[in-house]
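The same chain A turns up in both complexes below, where it pairs with chain B and then with chain C.
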Partner chain A sequence: MSAPATATHAATRPLHTIAAWWQAAPFALVFLLFFIVPLVLIGMVSLWDFNEYELIPAVSLRNYLSIFEGCSHLTDNGDFCVTLSTYLSTLKFCFLVWAITLVLGFAVAYFLAFHVRSSGMQTALFVLCTVPFWTSNVIRMISWVPLLGRNGLVNQTLMGIGLVNEPVEWLLFSDFSVVLAFVHLYTMFMIVPIFNSMMRIDRSLLEAATDAGASGWQTLWNVIVPLSKTGIIIGSIFVITIVMGDFVTIGVMGGQQIASVGKIIQVQTSYLQFPLAAANAVILLAVVLMIIYGLTRLVDIRKEL
Partner chain B sequence: MAEFDSDKAKQDSVDTSANQNRRTVLKGTAGILAAGVFPAVHAQEKIVLRYLGTAVNQDKAIAEKFKADTGIEIQYIPVTTDEVTKRAVTAPNSFDLIDTEYFSLKKIIPTGNLLAIDSKRIKNADKITTLFTKGEVAGKAVGDQGTAPKKVMFLEGAGSKKFSATPTQFMTLIPTVYNADTLGIRPDLIKRPIDSWKELLNPEFKGKAAILNIPSIGIMDAAMVVESMGIHKYKDKGNMTKAEIDLTIKTLIEAKKAGQFRALWKDFNESVNLMASGEVVIQSMWSPAVTAVRSKGIDCVFQPLKEGYRAWASGFGLPATLSGKKLDGAYEFINWFLDGWAGAYLNRQGYYSAVLETAKAKMEAYEWAYWMEGKPAAQDIKSPQGDVIAKAGAVRDGGSYEQRMGGIACWNAVMDENEYMVRKWNEFVAA
Partner chain C sequence: MQAGMSDRRAPGFWPLAIVFALFVVFMYGPMFTIFVLSFQGPEGGLTFPMRGVSLHWFHKLAEGLGTVDIGAAFRRSLMLGAVVMAFTVVLSVLAGLAFRKRLKGGDALFYIAVASLIMPSIIVSLGIGLQFRLLDTGIKSALTAMGAEGTLENYGTALGLLTSALGAHLTWTLPFGLLIMFAVFNRFNPAYEEAARDLGATPWQSFRHVVLPLIGPSVIGIGMFGFTLSWDEIARTSQAIGDVNTLPLELQGLTSTVTTPSIYALGTVTTIVSFAVMGVALGSAALLGRRASKRRGG
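After this line comes the complex of A and B, so read on.
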């Protein structure tokens, strides 16, 4: 009895596999062309040598060594080397922005998912959240300047009501303004996935929790947060990868005075130091991948989705 | 049934004849197009020149006037100073005309991506100011530290990648605009005379100073400051040794840590905003930015300093692959540019043009006296857009052309230690 069945199975299996390969082919090709190939090229160029005007194919670790040159000791000014201090500063922003967008995004998503009853209202409010995205990224950032500047609206108000005598300087071109702009720009990336996973939570679970005598906070912490984990992790991945690679926001809001890894790469490419930039990009990629690996260890996204 | 059939047949025949008609017409048109119209259209095909350069030099009025005069269209590709060089090296087919700074030539010429410009095809070639050809203003030599244009102005031959020390028939770039940069200040907020580069790092302006964040130019401004503070005397500010770069950057880092800088800027408009909003009262600046602040009715001066100026110059180059009609069109544009109208237009913005003679012919006598001779304005001076930028009786900052260009201390440059310098500059930004 089982022999014929196995035979049929064996006969259909290769066909089935081929069909599956065909189905996966288009996307695999796109990935290969626009992701794998460029990535391999970057890895390759990072090993090349260069001068003012040409790239010289080679296999040398010169670029990596020059990135970490001087990192074994502090500089004369008592700082870490450029690479270390830049990564530390970028990671700091990453952490701050992640923490703030997480709290904000979770709160907004919670409100949208559980407090707004009608689905029409939900959609309307959701669209409202995307309003900041109707203008360009750069305009959104630049519009902070007249607000936070030395003679800006905030300072004028503070001085007008007599809270301060001199303009508050740290409002603009500071860590504060950079974080503010990031939060303004990227909270949306936290809201969407968290809202999405909250909408999948079976409402009867909440009722069950209440029936079992759980307080509001207990329900939140023991039911909603664990069930929203996927959304939280996906949102975190969005925010962290964007902030790690950003150089425009940090440039504009930091008055070009705050270093970021992206900025260093950009400066190097504009001075035709492509191999150095490539080496930096490889290191940045490695760091980001490690963070994402760590995050996915917390939640098995594929299983949860 | 029969009736119906015949009707249908009629209809069919109508359909076919209509179809045939359409087909014949199409064929006919195709024939006409193929035989006559197409070549004619082709011959009149408009020449469009893709002009790669920085936004500062890409004025809409210049393109419009040129099109009105010659029918050739200019398509601007505005990018940053560094990006111009990058494109010239990596994508030489993406433009038909390049407007780049002279110091970039050290990177571009060795790639062979630029065509040697035949000065025989440039009508006013022999009238180009001696600042470029000999490094002299009114017969007197000016500072040549850094990449002075005379060092990279000529090539040894038509296909050469080597700069010639003496004038030849083949030019690398035809100068468009040049100027001598210095610090911009807000006299209304500073309220005392400023006469030295060292004021940029004066603690008095703590949190109200800015320097530009284009490493190769910013380092030169920093060098002017370091020298004026008496910390170090450079042999050549445009070609520092590693030790000199270390010293310069160390000085900048110390100032930054002390909170001297409100911001660094990279884009022309950023510098205008910083100054106009009062965030900054003293900073590295470019002359059209000063003009832009002034045209908002805010007092801003491009302050002449006793140590002299940091000069820059940019010019037109042609990509090596350019040929035929486009090449002719590009030469026509360059000739038109040197012919006076554009020169006068640029001079009125506070720049200087390559051929002074022709520009003078297109300017009013009182304008020439104010902009070029350093005399008090006989009547209100207006920008090309019509805004009053200087009242009657005012004198241009920096004085006459001879005074100003004669005061050049160094030129924008690419150093031998460029890679090291960029790395150290990143250290300054990260500090």
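After this line comes the complex of A and C, so read on.
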């Protein structure tokens, strides 16, 4: 850049910064009003008191204490308290869905990135994978009903070929259907970031690995997986945060019978028990942040080894 | 190397191709089943076999399901989707332009947008619901203090489609819009703008006649994200809406009460709207792209 140009740039810079701020201001304002302020209010109201009619400003840990009431010991039946067992159940779904979407998403992304050679075909197949993302989640959930129901296609087939004598009951409104629906809905969140990372991998590195005598699996594990790490982490964060806070999928696919952390918050909100719901939200947020932190740490440590 | 490779597929191609094909069937198969079943005959039920083919369940849907006015919910969601789309496009493009310059606090703003994207939706929804209820309490006590009894009696709630629900949707659509703008401007050649400036264009002229035509297809993409994400959104809307419901919320409620193929007909209708929006978006993006390249060529 020539000297005069630099000079004019320097002269207009303060003006530019102000203009930039005006351009970003509406965007920032939306997040201030509908994200930051609500989060602060959740933190504040989680310390409030309440009765049947109103919220009472206070600073007390009553809500938190009541959430963990009885959690210091097992119940008479040998179970955990409600809060702990709900978290364990949600974490179980979270882990299963994360593991399945990761393997499936990685395989699909790997196929698209390294086995489909024409870029036109690559784009077409990628779009094919992402189109369902823009359709309704509830529709995609209920679309399993005619397949998995008591008289559904799967049971008809199983009974038709004589594998079972009675309809299989655990196909729908069960843990199985919840996990299936999660995988169906959210594998896309793994595919896109992993595919994006894979497309940035320099293809000559793979050639170098092959030339140096690495087998296909060695190249995959020692070259491609580490270089796709960013995509894997981003996808994992998406899937984990979605499943941890979910109440719609677990509600619809679990036949409204399975508990989840998100569902507790939703029910308490609908009974206008805002301080309790807020305290639960704070705990959920803390757990999610710990998982995200642990996830990024885990991967970093492995890189250093 | 390309020629050598194309003779034979790389090892692992066929197993992965099968996985991919099964995945596509897994994605589209169920959706296709309810599409077929929504044309079930009047005697038919929720599962196969098909008992004739008819539009019976679409007529039933138009009459309304139980106490739910589907038509009104449909129009509400369409209206909200259009408003969310407009806000998402304008605010994302403006913010995208701002991020190209020196923007103090830009990093913080970016991280806030990303945090909003990955924040469990129930928390955002609860927060906005809470915020508006506290606002209601505040307004009511202010009205009482001012002695405006008449206004107080008429005042319902600040929660609503174009207040709290709009805000809730924007916390979900705007991060996508910003990420798309980043991707666009990362590949954008500033030489065109400099040329426009050297030729004496005002900032508005260079945006209107140079930048906008070049980023046009992506802007349409942002609009498509804005509309379809809003059209299907449930989790963030659920606690942040007043007395009226959007179409997906009604649909979620209907899953446990409706036991006829009408619900599949509703599914087919909403999916057709989603596909129509995608089709229009892709079509106009392609048209813009072709026109732009023709202009550059000619």
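We take it that the second predicted complex is superposed on the first by the 262 of 305 C-alpha atoms of A that agree within 3 Å, B and C clash if a C-alpha of one lies under 4 Å from a C-alpha of the other, contacts with A are read in each partner's own complex, and residues count from 1 in each chain.
In this text, a residue touches a chain if its C-beta (ideal position, glycine included) is under 8 Å from a C-beta of that chain, and two chains touch if they have at least 3 such contacts.
The structure presented is a predicted model; accordingly, all values stated were derived computationally and were not measured.
**Student:** Clash or fit: what happens to chain B and chain C when chain A is overlaid?
**Tutor:** On the superposed model, which is not a single observed complex, chain B and chain C clash.
**Student:** Comparing chain B against chain C, which has contacts with more of the residues in chain A?
**Tutor:** Answer, by number of touched residues of chain A: C.
**Student:** Taking the superposition as given, does A:G149 touch the first partner, chain B, the second, chain C, both, or neither?
**Tutor:** In the superposed model, A:G149 contacts both chain B and chain C.
**Student:** Taking the superposition on A as described, I'd like to know which of chain B and chain C A:T269 touches: first, second, both or neither.
**Tutor:** both
**Student:** Output check: A:F95 vs chain B and chain C. Expected answer is one of first, second, both, neither. What do you get?
**Tutor:** Neither partner.
**Student:** After the superposition on A, what does A:H184 contact: first (chain B), second (chain C), both or neither?
**Tutor:** second
**Student:** Determine, under the contact definition given at the top, whether A:W221 touches first (chain B), second (chain C), both, or neither.
**Tutor:** Touch partners of A:W221: none, neither chain B nor chain C.
**Student:** Using the touch definition from the top, say if A:P38 reaches chain B (first), chain C (second), both or neither.
**Tutor:** Only chain C; A:P38 stays clear of chain B.
**Student:** With the two structures laid over each other on chain A, which partner does A:Q256 touch: chain B (first), chain C (second), both, or neither?
**Tutor:** Touch status of A:Q256: both partners.
**Student:** In the overlay, answer first, second, both or neither for which of chain B and chain C A:W170 touches.
**Tutor:** So A:W170 meets neither chain B nor chain C here.
**Student:** Once the shared chain is lined up, is A:S66 touching chain B (first), chain C (second), both, or neither of them?
**Tutor:** first
**Student:** Looking at chain C, which part out of 113-121, 149-157 or 167-175 clashes with chain B after superposition?
**Tutor:** Here chain C runs into chain B along 149-157, and the other listed stretches stay clear.
**Student:** For chain A, which residues belong to both interfaces, chain B and chain C?
**Tutor:** The overlap between the chain B and chain C interfaces on chain A comprises residues 54, 145-146, 149, 151, 251, 255-256, 269-270.
**Student:** How about chain B: which of its residues touch chain A in the complex?
**Tutor:** Contact set of chain B toward chain A: 80, 82-83, 85-86, 89-90, 106-108, 110-111, 207, 213, 215-216, 250, 253-254, 256-257, 261-266, 270, 273, 277-279, 414, 418-419, 422-423, 425-427, 429-431.
**Student:** Per the contact definition, I'd like the list of chain A residues that touch chain B in the complex.
**Tutor:** 52-54, 66, 75-77, 79, 82, 85-86, 89, 145-146, 149-151, 169, 172-173, 251, 255-259, 263-264, 267-273, 276
**Student:** If we count contacts the way the header does, which residues on chain C are in touch with chain A in the complex?
**Tutor:** On the chain C side, the touching residues are 1-2, 5-6, 9-13, 16-17, 19-20, 23-24, 26-31, 33-34, 37, 45-48, 87, 90-92, 94-95, 97-99, 101-104, 106, 109, 112-113, 115-116, 118-124, 126-131, 133-134, 137, 167-168, 170-171, 174, 178, 224, 228-229, 231-232, 234-235, 238-239, 248, 251-252, 255-256, 263-264, 267, 270-271, 274-275, 277-278.
**Student:** Within their complex, state which residues of chain A touch chain C.
**Tutor:** Listed in rising order, the residues of chain A that touch chain C are 13, 16-17, 19-21, 23-24, 26-28, 30-31, 33-39, 41-42, 45, 54-55, 104, 107-108, 110-112, 114-115, 117, 125, 128-129, 131-132, 134-147, 149, 151-153, 156, 184, 187, 207, 216, 237-238, 241-242, 244-248, 251-252, 255-256, 262, 265-266, 269-270, 274, 277-278, 281, 284-285, 288, 292.
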